[in-house]
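There are two complexes below, and they share chain A, which is joined by chain B in the first and by chain C in the second.
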Partner chain A sequence: MTTYSFRLYVAGNTERSKAAEVNLRFLCDARLPGTYEVEVIDAAERPDLAEEGRILATPTVIRLAPTPQRRVIGDLSDHDRAAVALGLPVLEEPSSERQRR
Partner chain B sequence: MGRRSEDRGGSLSRGQAAAGSEPGRPDDAGSPGNINQVIVSASADGIIAVDEQGVIRLCNPAAAELFARPAEELIGTLFGFPLVAGAATAIDLMLPGGGRRVVEMRITATTLEGEHLYVATLRDVTRQRREEREMEAALDRQNVAVAIAAHELHNPLAAISVLVDVLRDRLVALAEEQRAEIVERIADRTARLQGLVRKLLTASTIDAKGVSASLERVPVLEFILERLGEVDGRLQDVQLSCSPDLVAMVDRKEFSAMLENYLENALAYGHPPIEVSAFGRPGWVHIRVCDRGAGVPEDFVPRLFERFSRAPAVEQETEGTGLGLWIVRSLARGNGGDAWYEPGKDGGACFCLRLRREPMS
Partner chain C sequence: MSGGGRIERMPTGINGFDHVALGGLPANRSTLVSGTTGSGKTLFAIEFLARGIMRFNEPGVFVTFEETAGHIRRNSASLGFPIERWEDEGKWAFVDASMGIGEEEQAIGSYDLGALVARIQHAVRQTGARRIALDSLGAIFTRFTGVETIRHELIRIASILETLGVTSVLTAERPAEYDGVTRYGVEQFVLDNVIILRNVLRQGRRNRTVEIVKFRGAPHRSGEWLFTIDPQDGIVVVPLAFLMSSGRASSERVSSGNTELDEMCGGGFYRDAIVLMSGPTGTGKTLAGLRFIATAFEAGERSLFCTFDETREQLLRNADGWGLDIRSMQASGLLQVISDYPEVASPEDHFLQLRRTIEEFGPRRLVIDTLSALERVVTPRALLDFVIALGAVLRQNEITTLFTARPTGRLMATGTPTTAEIAGFTDVWVLLQYVERVGEIQRAITVLQTRGSAHDQGIREVTVDGTGMHIGERLRGVSQVLTGDISPAILWAPESEETDGPSE
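Then we have the complex of A and B:
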């Protein structure tokens, strides 16, 4: 079974940062139950890691695995588009209206 | 995700990498007739176009400025696939050196030379939000000022109205002494109103234009005597001490407002005798206005010079705007000096002022 790995870069404890993490975990729970890991990096606290990851903006989520890597900017509140952009599996019973925030 | 545009005019400037990938195609940045290029270059908004891999292919000068990185560095860099829910979303741009800038991002999909591009329009909202906060604070101050003005104007106006009615209705019946007393009371209320309006005008001038601070030579003793002469008869208990050769470098009109506010404050909240002392220190003229009242409660001292700030105990007893001390400090600092409070030696309050002293010849 493929394990998905994500790294989320946020900047400070803002509403944007919280929304991005909540949305990412929601998407993963719905589409990758038990087969994902999420690492959150606060670029405000660790600007060196943001620089190392060549992060130009936050929130940025990088799908590290499976390859190829994918990188998405935004708080992921449009779940359908975020799922497509991150290459997540399609839900067996699509119910996009209920997923929308 | 926004409208789909078929603009094939090459509306964004391309970096060397992008231009080089299409040999034979004229560089859009060099096409003088390309009106879109001119518009984008002149746009106040930052505009970047990213391809389907999330790589920045094009950017305008405003975007380079927002990212605080040269366009050549940005073009070809992996930005990420921009996602916007609704019309716009806020993101933080990570600046070199660890800084951040909040921008509002809007996305439009377009096709250029058959290639799908996502055009992100970035608008700096850091400054916008700061300006909004400043605007809100100014509106709050204005609302408080209007409320205070309405409250403080109401009582003297009502009193004047009653006194005028008495004069009009019973003019003949009143003895001359009574008429004189009523006129005196009207004059007193009018003077209070004038003082209040003066304070509000000074405060609004400080807000709108800042402090004038056109410094000039002001002989301090002569100046204080003039001001004492102008203030009402309640100042008969003032004790003055001042070196005769003391000269301050200060805006005369603003010095007048500082002194008047300190004296009014002492009259309103303190008890006589009021002592005004002026003395020199290297580089400075110090002026102290001390009274024999109850002084200022210790826990209120830190807020004493704040705008609209009035000690709870005096709020009920005495008319006032809470503007006077704020005006003094604003003007003093604008003139290169300062204003502060010290407890009096024998009880009471001492309000202190420090102004620049004329250099000794």
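Then we have the complex of A and C:
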């Protein structure tokens, strides 16, 4: 069982921040049920951590595990593309979500 | 300092720049510094912070989008900026926004630069920064695809910086000289204050200029100003003379080395005078220069002799012929001779070398023999700037100076229009020339202008022999000394060669 670990950087409690977290959790719940963790960092509160992670854009998601790291910026509103960009497994029953072209 | 008004200024501390900017950058505002690759934008940004720390003890934050922080630390060490130490002391902080390996990122959905904003605010708070530099905005446009988003975010950053009470320098690329202000329309949000750095080849020489395009509501000097990038001093904006008030003027007189010439000038040159001696080859200019320094030597004063015309050996040999012992003057430490081909360096570099020598050696007199040699390799404008810049240093240090110049045509007295323009910045213009008189060619000398003193307005005969220059009787019946080639128009009309306009 592979464990996925994500770090999500946001800036303040904005609509965009909330959307990014909701979208990330939705994707993970669907594709990685019970085998993932998400850490949310608010750059406005912890600029030192944003500095350490060399983050410019918010939201930014970093897939810390499995390696190699992957970085995606944006609110992840396009689920299919977000899943590919984050290297998430393909859905087992291709029912509710549309088929890959 | 003039200017000011209601917009406060923050001196950059960059050599010469604040004179052009009439005090500095508009305080608590953002200024865009735009230029092509290699125009010195990054150095300007680095110096803005470094000089702030060194001269005004004002901390700064450097946001780098292009080069890594490590790169900037290393490159700045050679200019004597100990950035690493300043970081330890909490005076300098980097926000390293350069793209690292493996940091490529894909954009899915909307985003902003909230994390960058937070990092900048954090760094400003931590250091108590008064200055901030962002270098360079173009790099962030190539990194992120959403041009509109990035432009919007930069506008936001610029306005946040103003609320933080910091003065900022933002650099941006220009695709080409004389073509718009920046790529990506960055100027749209820092339109108020724009500086352009240029780096162009003119007549085979690299010419760097700085131009303040606008400062909203704040006066500044217009036009392009030459600058150079010196390995020790960094950016040096060259023509300082218009800008420095000369302050006091010396009333002390010193001898030119020739009693009759002293007489013609009303009792010698003023201690802080700059004298131009122009005349064709063979009229005794070099000899006059050597006599001028020999007088200083006899008075136990230091002098600097700078020849662009002859090698050191030629100069020594000529001096020997005139019975002047240059070698022992040099050995005594009172005379320093610089012999250089004008082609070896740009006029800015010659200026810096001279300025450094003047600072280190502290001469009371200076001879440059001849300025015309420099004219071979530079534009008239650049030569004039050189003289003006040097003039500022000389007047400040009260160094009695003799420039020699040679007309291009053999019998023309006044030389090129540039010579006449240069004469406008000197205190005394000693004109040597050939005149025709009752069927015979004679040498004549005239003192054309002397600041604030009575002087002999006459044209006098002059002879040169092994012992030097001898000024004789007034030449009567010579009316046309300035035959044709000098008129107010020539004196003051600018050269047709201009400093702007593309060289296509």
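Odds and ends about this structure:
As a convention for this text, the second predicted complex is superposed on the first by the 94 of 101 C-alpha atoms of A that agree within 3 Å, B and C clash if a C-alpha of one lies under 4 Å from a C-alpha of the other, contacts with A are read in each partner's own complex, and residues count from 1 in each chain.
Simple rule for what comes next: a residue touches a chain if its C-beta (ideal position, glycine included) is under 8 Å from a C-beta of that chain, and two chains touch if they have at least 3 such contacts.
All figures in this text were calculated on a predicted structure; none of them were measured in a lab.
With chain A as the common reference, the superposed partners chain B and chain C clash. Residue contacts after overlaying the shared chain place A:91 against neither chain B nor chain C. In the overlay built on the shared chain, the residue A:78 is in contact with chain B and with chain C.
Looking at the shared chain after the overlay, A:38 reaches neither chain B nor chain C. Of the two partner chains, chain B and chain C are each touched by A:47.
Contact with both chain B and chain C is seen for A:56 once the two complexes are overlaid on the shared chain.
In the superposition on chain A, no contact is made by A:22 with either chain B or chain C.
With the shared chain A as the reference for superposition, chain C clashes with chain B in the stretch 79-87, and the other listed options (79-87, 241-249 or 295-303) are free of clashes.
Taken together, the two structures place residues 11-12, 16, 43-44, 47, 50-51, 54-60, 71-78, 81-82, 85 of chain A in contact with chain B in one case and with chain C in the other.
Chain A meets chain B in the complex at residues 11-12, 16, 43-44, 47, 50-51, 54-60, 62, 70-78, 81-82, 85, 101. Residue ranges on chain B touching chain A, taken from their complex, read 1, 54, 67, 74, 77-85, 89-94, 97-98, 100, 105. The touching residues of chain C, when paired with chain A in their complex, are 95-97, 100, 102-119, 121-123, 140, 144. Interface residues of chain A facing chain C in the complex, by the touch rule stated above, are 9-12, 16, 19-20, 23, 43-44, 47-48, 50-51, 54-60, 68-69, 71-78, 81-82, 85.
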